[in-house]
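In the two complexes below, chain A is the common chain; its partner is chain B in one and chain C in the other.
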Partner chain A sequence: MNAIIFSAGFGVIMMFCSFLISNKSSYRHIAVVGLLLLLVVNVMETNGFDIFHINSYGMLSYTRFGLFFNTIAIGSTLIYVLLTGKDIERLGNYVAEYFTLIFFVLCGVCILSSYNNLLMLFLGIEILSIPLYILTGSDKRNLKSNEASLKYFLMGAFSTGLMLMGIALMYGGTGTFSLDVVRSQTGLYKGVSFLEIIGLLFLMVSMAFKVSAAPFHFWTPDVYDGAPGVFTSFMATVAKVAAFVAFLKLCYVRMTATSTAIDWQLLFAIIIITTLLFGNITAVFQQSVKRMLAYSSIAQAGFMLFALFSLNDFGSKGLLMYSAAYCLATIGLFAVLVKMKDVTFEGYNGLAKTQPVLAATNAIFLLSLAGIPLTAGFLAKYYMLASVIATGSYTWLVVIAVLFAAVSVYYYFRVVQAMYFKTGDPQTEPITGSFKIGLIALAAIIIIIGVLPQTLFNWLYF
Partner chain B sequence: MIALLLILIPVIGGLIALFIKNENTVKGFSLFISLITLVIALFGVYSNQTSELHYNVSWMPDLGSRFTLGLDGLSKILSLLTAISLPVIIIATYKNTYANTGKFFGLMFLCQAGMLGVFLSMDALLFYFFWELALIPAYFLCSIWGGERRIQVTFKFFIYTFVGSLLMLVSILFIYFKTADHSFAMQSFYHANLTASQSQWMFWLFFIALAIKMPIFPFHTWQPDTYEQAPTAVTMLLSGVMVKMGVFAVIRWLLPIFPNASQSNSSIIITLSVIGMLYASLIAIRQDDIKRLIAYSSIAHIGLMCAALFSNQQVGMQGVLIQMFNHGINIIGLWIVADAIQKQLGTKKFSELGGLAQKAPTLAILFVVMCLANVALPLTNAFVGEFLMFNGLFRYNPIMAGIAGISIILAAVYTLNMIQKIFYGNTVALTEKAYDSSFNINVALIILVIVVIVFGVYPQPMLNLTQSGVNTLITKIP
Partner chain C sequence: MPIQNYIILAAALFCIGVSGVLIRRNAIIVFMCIELMLNSVNLMLVAFSKMHYALSNAQGKGISESIGSDAQLFVFFIMVVAAAEVSVGLAIIVMMYRNVHSTDINFLNRLKN
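Take a look at the complex of A and B:
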C-alpha cells in the first residue's frame, strides 16, 4: 500500500510544484527525492513495515514477488530520471507535469503488481496507460508525436474495451471479480464455463496488446518511434514489464484453473513464435536505431512471454530478472540515444573515438540485450529458456527461440560495429561528467547482476 | 589455486593493459604477464597435488552451478599450449605496430583467459560462460585491427559460432534438468539420465557448436576468410588455440555425456571429417596465397583429429591429445613466417615470390622445419600424433583410414610446393632486395623449432601426460 499511496500523492505534489516553483531545473531534483522516498517506503513494506493500514477487502494482495517488482520498477525509474532528467527539461514548458505523469504511471505499476481483483487490474492498466498517451504526444509541435499519440490512444481504447468485455464475460462465467476466490461448485458456476474461457481470451488479447506481443504489436514501432525519445525509454521499459507482471498473475491464477478446457500453452507458443518472428526479422531491416530498439522491444517481449508460457518458478524469477536486465539496458541505450543528434546507424559511426565512455557502456547494454554471458541479459534469457525446458515439453520452442536470439545479435551488433569499427563524426549534445558516471554505474550494475545473480535474488528471500 | 591463478593473471593483466597508453610499456608488460602465466602453467603441469590443481567455490546456488576449475591430464596439455603460445606470439609480433596497442594486448589477454577458462572449467555452465567470453574479445580484435573486409568476415565468424553455442546452451540446459541432483557439475552431467532419443537430439545440438568451432566440413566456411582478414597475432591465437576448444569439448563433454549417441553417429561424423580433409587439401593445392593455404591445411588437420576422436580407439584418442598441442605449435610457426614475408615484401602470393632462401637463409631453414612438421615427417612432433591417430582410425575402419591417408600425400604436395615457390628457384624483382628475418622472429621460431624437435624425438613425457586423461575417458565409453 505504501508505494501506491506515495506515488499518487507525489504525483499531486508535483502538479502543485508546477505553479508554486518557477525554477525549471528544480522539478527534476524534487522528482528524484520523490522517487528515493518511494523506493524507501517500498523497501520498508517489503520488510513488513506498512505505514497505511487500509483494508482493500481482498482487492489487493501484497506478495514478496510484487513488492520486489515494485522495487525494480521504482529503481529503474530513478535511474531513468537521473540519466535523462535534463533531456526531459529540454522538451517543453510543462516539465513538472511530465514528472507528475511519470509518478501516476508508477502508481499504476504498483497496482498492477498487487491486484487481486479484475477491477483493480482494469484500474491499474488505465492509470498506467492514460498518462502514457499524454506523454507520447508531449512534443506538441511535432506531427509524428501527435500522430503516435492519437494512434496509441485509439488502439489503447480499443484494447481497453476488449478488456472490459472480457472482465464482464468472466464475471458472467464465474460470478466473481476476485482473482483467486474458491470457485463455488454449485449450480450455475459448476466447472469451467464457456463464458469464462471467452472472457479470458478477450483479456489475453488486450494484455497482449499492452505488452506488444504479435499479432497485436502493430502500434508499437510507430508509437515508440513517434514519441519523444525520453518517453519512449520509459514506455518501453517500466510500463511494459509492469503489464507483463500483471499478465503473469492473471495466467498463474485463471489460466491454470481453466487449463483443462483449453490448451493455453499452445496458444502462447503460437504468440511467442509470431512475436519473435515479427520483432526480430523487422528489426534487422531498420535504418534508425530508435526504430530498431522499438522492434527489439517486441522481440524481447517474445522472450518474456516464456514466463507466461511455462508458469513455473524459473519463469517468474526469470521475469524479475528479465525486467531488471531489460529495463536497465534499454534505459541506458535511450539515455545515450536522446543525446545523439542523428539517431540512424550512421549517426553512431565512430562514437568510440569521440566518446569512448558512451560507446563502451552502450556496447555493454547491447551485449546485455543480445544475451551475451557475463551480463544480466544472458541470465534473463537463461531463466526463460530453463523455464520452458523445465516443463518437459515444447523443447523445440527453445531451439527456435535461440535461433531468433542469434538474429537479434545481428541488429544489436550493427550499433557496436558503427561505434567501434567505422569512422565518422558523431554529433552529440554536450555530455557532462556526471552523466558518464551514471552510465558507468548502470553498466556495472548490469555486469554485477550478470556475474552474481544472487545479489538480485537475495532480495526476494530475505 | 594454480587453476584460479591461470585465469586471474591474464584477466587482471589484460584489464591493466587496456589502460596503458605507452606502446613500449604495453609490449614489455604483456610479455611479462604472458611469461608469468607460462610459469604458472608449467607449475601446474608438474604438480600432482589435488588441492593445488582444483578450485571450487559456490557461485550461483540458485541455478546449481559452482565455480569449479581443475587441472587434469587433458587440461594440463591445453593450458600449457595456451600459455606457451601467447609469449611466442608476442615475441614474434613484437615489432608490429597497432593503433591503440594497449587495447590490442588487453583484449588478447582477455581472450586467453577465456580459452584457459574453457580448458579448466569442470562445470557446464561455467564452461559455457568461458566459451562465449573467449569469443567476444576475438570479435573485437578481428574487427578493429583486421584487414580490408574485416567487418563482414568477422561478423560472419561471430554469428556462426554464436548460433552454435546457443544450440549448445539448449543442450546443456536440457541435460541439467535430467541430472539426478540438478547440478551443472561435470560428474553429474556424465551420469545424466537421458533416453536414447533424447540423447540423440541433444548430441547433435551439442555437436553443431563444436563442429562450427573446429571446424568440420560443412561448417567451415567462416574459417579461411577469418584467418586471412584477422591481424596475424590474432590468427595465431585463433588457429593455434581457439579451434582446439572444439576438439577439447568433444573429449571433455560430448563423448562422456553421450557415449551411445557418439558411437551410433560416429560413421556420419567420420565421413564428414574425411570429406573435409580431402576437400580442404585439394583446395589448399590450388591456393596461391600463403595464409589461405595454411588455413585450409588447418581444416584438414582438424578433420583428422575429429575422425580419430570418434573412432573410439584408445590410441587414436591419445594421438588427438598430443596432436592438439603439436598442431598449435606448428601452425603458429607457419603463421609467423607468413607474417614475416608479408610484412617485408608486401605480398602473400607465391606467384610473386621466389628464391627467398638466398636472401633470407635463416628464415628459410626455420620455415622448412615447421613445414616438415606440418606434413608430419618422422622425428618432428606431429608424426607421433598423426601416427597414433591413423592407427586408431585404421582399427575403426581401414578403408576410411586409407582415404584419409591420401590427405597426407596431398599435405606434402601443397606444403612442399609452397616452400619451393617461395624459397627456391631464381629470385624475382620483389625478393631481390629482401633481407633476413629480424631477431625477434628468429627467437620465436627457434623456440617453436626446439619444441618440435624435442617432442618429435622424445614424445614420452607427452604420452605420459595424456595417458591418464585417456584412461579415465575410455572407461566412460562402452
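Take a look at the complex of A and C:
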C-alpha cells in the first residue's frame, strides 16, 4: 500500500511544482527525491513496516513477489530518470507534467503487482496506459509522435474493451470478481463454466496486446518508433514488465483452475513461437536502431512468456530476474540512443573512436540483451528455459528458443560491429562526465548480477 | 424478461463495436465504436448482476441484498475510466487534426516505411 499511495501522492505534488517552481531543472531533482522516497517506503513494506493500514477487502494482496517487483520497477525508473532526465527537459515546456505522468504510471505498476480482484486489474491497466498515451504524443509538433500516440490510444482502448468483455463474461460464469473463487462442487457454480473460458480467452487476447505478444504485436514497432526516445525507453521497460507480472498472476490463479477444460499450455506455446518468430526475423531487416530495439522488445517478450507457459517457481523467479536484466539493459541502450543525432545503424559507425565509454557500455547492454554469459541477460534466459524443462512437457520449445536467441545475436552484434569495426563520424549531443559515470555504474550492475546472481536472489528468496 | 435477451443484445452491440473499429477509417467514428463496446459491457454486467441476485434468491441461500451489487459498482468504474479515456483520446485526435487537417486513419502510415 505504501508504494501505491506515495506514487499517486507524489504525482500530485509534481503537478503543483509545475506552477510553484519555475526553474526547469529542479523538477528532475524533485522527481529523483520522490523516487528515492518511493524506493525506501517500498523496501520498508517488504520488511513488514506498512505506514497505511487500509482494509481493501481482499481486493489487493501484498506478496513478497509483488513487493520485490515494485522495488525493481521503482529502481529502474530511478536509474532511468537519473540517466535521461536531462533529455526529458529538452523535449518541451511541460517537464513537471512528464514526471507527474511517470509517477502515475508507477502507481499503476504497483496496483498491477498486488491486485487480487479483476476490478483492480482493470484499474491498474488503465492507470498504467492512459499516461502512456499522453507521453507517446508529447512531441506535439512532430507528426510521427502524433501518429504513434493516436495508434497506441486506439489499439489500447480497443484492447481495454476486449478485457472488459472478458471480465464481464467471467463474472457471468463465476459470480465474483475476486481472483480466488471458491469452486463448490455442487450448486450453481459447479465446475468450470463455458462463460468463464470465453472470458479468459478475451482477457488473454487483451493482455497479449498489452505485452505485445504476437499475433497482437503489430502496434508495437510503430508506437515505439514514433514516440520520443526518452519515453519509448520507459514504455518498453517498466510498463511492459508490469503487464507481464499482472498476466502471470492471472495465469497462476484463474488459468490453472480451468486447465481441465482447455489446454492453456498449447495456446501459450503457439503464442511464444509466433512472438519469437516475428520479433527476431523482422528485427534482422531493420535499418534504424530504434526500430530494431522495438522488434527486439517483442522478441524479449517471447522469452518472458515462458514464465506464463510453465507457471512454476523457476518461472516466477525468472520473470523477476528477466525484468531486472531487460529493464536495466534497455534503459541503458535508450539513454545512449537519445544522445545520438542519427539513430540508424550508420549513425553508430565509429562510435568507439569518438566516445569509447559510450561504445563500451553500449556493447555490454547489447551482450546482456543477447544473453551472453557473465551478464544478467544470460541468467535470465537460463531461468526461463529451466522453467520449461521443469514442467516436463513441450521441451522442444527450448530448442526453438535457443535458435531464435542465436538469431538475435546477429542484429545486436550489428550495432557492436558498427561501433567498433566501421569508420564514421557519429554526431552526438554534448555528453557530460556524470552521464558516463551513470552508464558505467549501470553496466557494472548488469555484470555483477550476471557474475554473482546470489546477490539478487538472496533478497529475492520468498 | 429472460436473461438471454440481454446477453444477445449486449453481444450484438459488442460485435457492432468491434466491426466498426476494424472497418471504419475515421478516427472519431472508431472512437465511438470503442465507446459502444464499453457500453455493451456495462449492459452485460448489469444483466449478470440481476441474474446472480435472482439465482441466489431462488436457491434459497438466504436473501442477501449485496449479491450482484459488485457488478453494478464495476459499471460506475467503467464509466469513470471511459470518461478519462475520452478526455485523453479527443485531445490526441485534436492534436493530430491541427497538424494534418484530417481525422482519417489512412494518414497513419508514415511510420510504416
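One rule holds in what follows: the second predicted complex is superposed on the first by the 457 of 462 C-alpha atoms of A that agree within 3 Å, B and C clash if a C-alpha of one lies under 4 Å from a C-alpha of the other, contacts with A are read in each partner's own complex, and residues count from 1 in each chain.
We take it that contacts are C-beta pairs under 8 Å (C-beta built on N, C-alpha and C of every residue); 3 or more make two chains touch, one makes a residue touch a chain.
Just so we're clear, the structure is a prediction, and the values are computed from it rather than from any experiment.
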(message) Let me test your reading of the model: by the given contact rule, A:Asn93 touches which partner, first (chain B), second (chain C), both or neither?
(response) neither
(request) Would you sort A:Thr63 into first (chain B), second (chain C), both or neither based on which partner it touches? (result) neither
(message) For A:Pro453, using the defined touch cut-off, is the partner it touches chain B, chain C, both, or neither? Pick first, second, both or neither.
(response) first
(message) Under the stated touch criterion, name the partner, chain B or chain C, that contacts more residues in chain A.
(response) C
(message) I'd like to know which partner A:Leu164 touches here: chain B for first, chain C for second, both or neither.
(response) second
(request) Would you tell me which residues of chain C are touching chain A in their complex? (result) 7, 14, 17-18, 21, 27, 30-31, 34, 37-38, 40-41, 44-45, 48, 51-52, 55-56, 59, 67, 70-71, 73-74, 77-78, 81, 84-85, 88-89, 91-93, 95-96, 99-100, 105, 107-108, 110-112
(request) Enumerate the contact residues on chain B facing chain A in the complex. (result) 59-63, 128-129, 132-133, 136, 140, 143-144, 150-151, 155, 158-159, 162-163, 166-167, 169-170, 173-174, 176-177, 201, 205
(request) Can you check the complex and tell me which residues of chain A touch chain B? (result) 317, 367, 372-374, 382, 385-386, 389-390, 392, 395, 398-399, 402-403, 405-406, 409-410, 413, 417, 420-422, 452-454, 457
(message) Considering only the defined contacts, which chain A positions touch chain C in the complex?
(response) 119, 122-123, 126, 130, 133-134, 137, 140-141, 143-144, 146-151, 153-154, 157-158, 160-162, 164-165, 167-169, 171-172, 175-177, 187-188, 221-222, 225-226
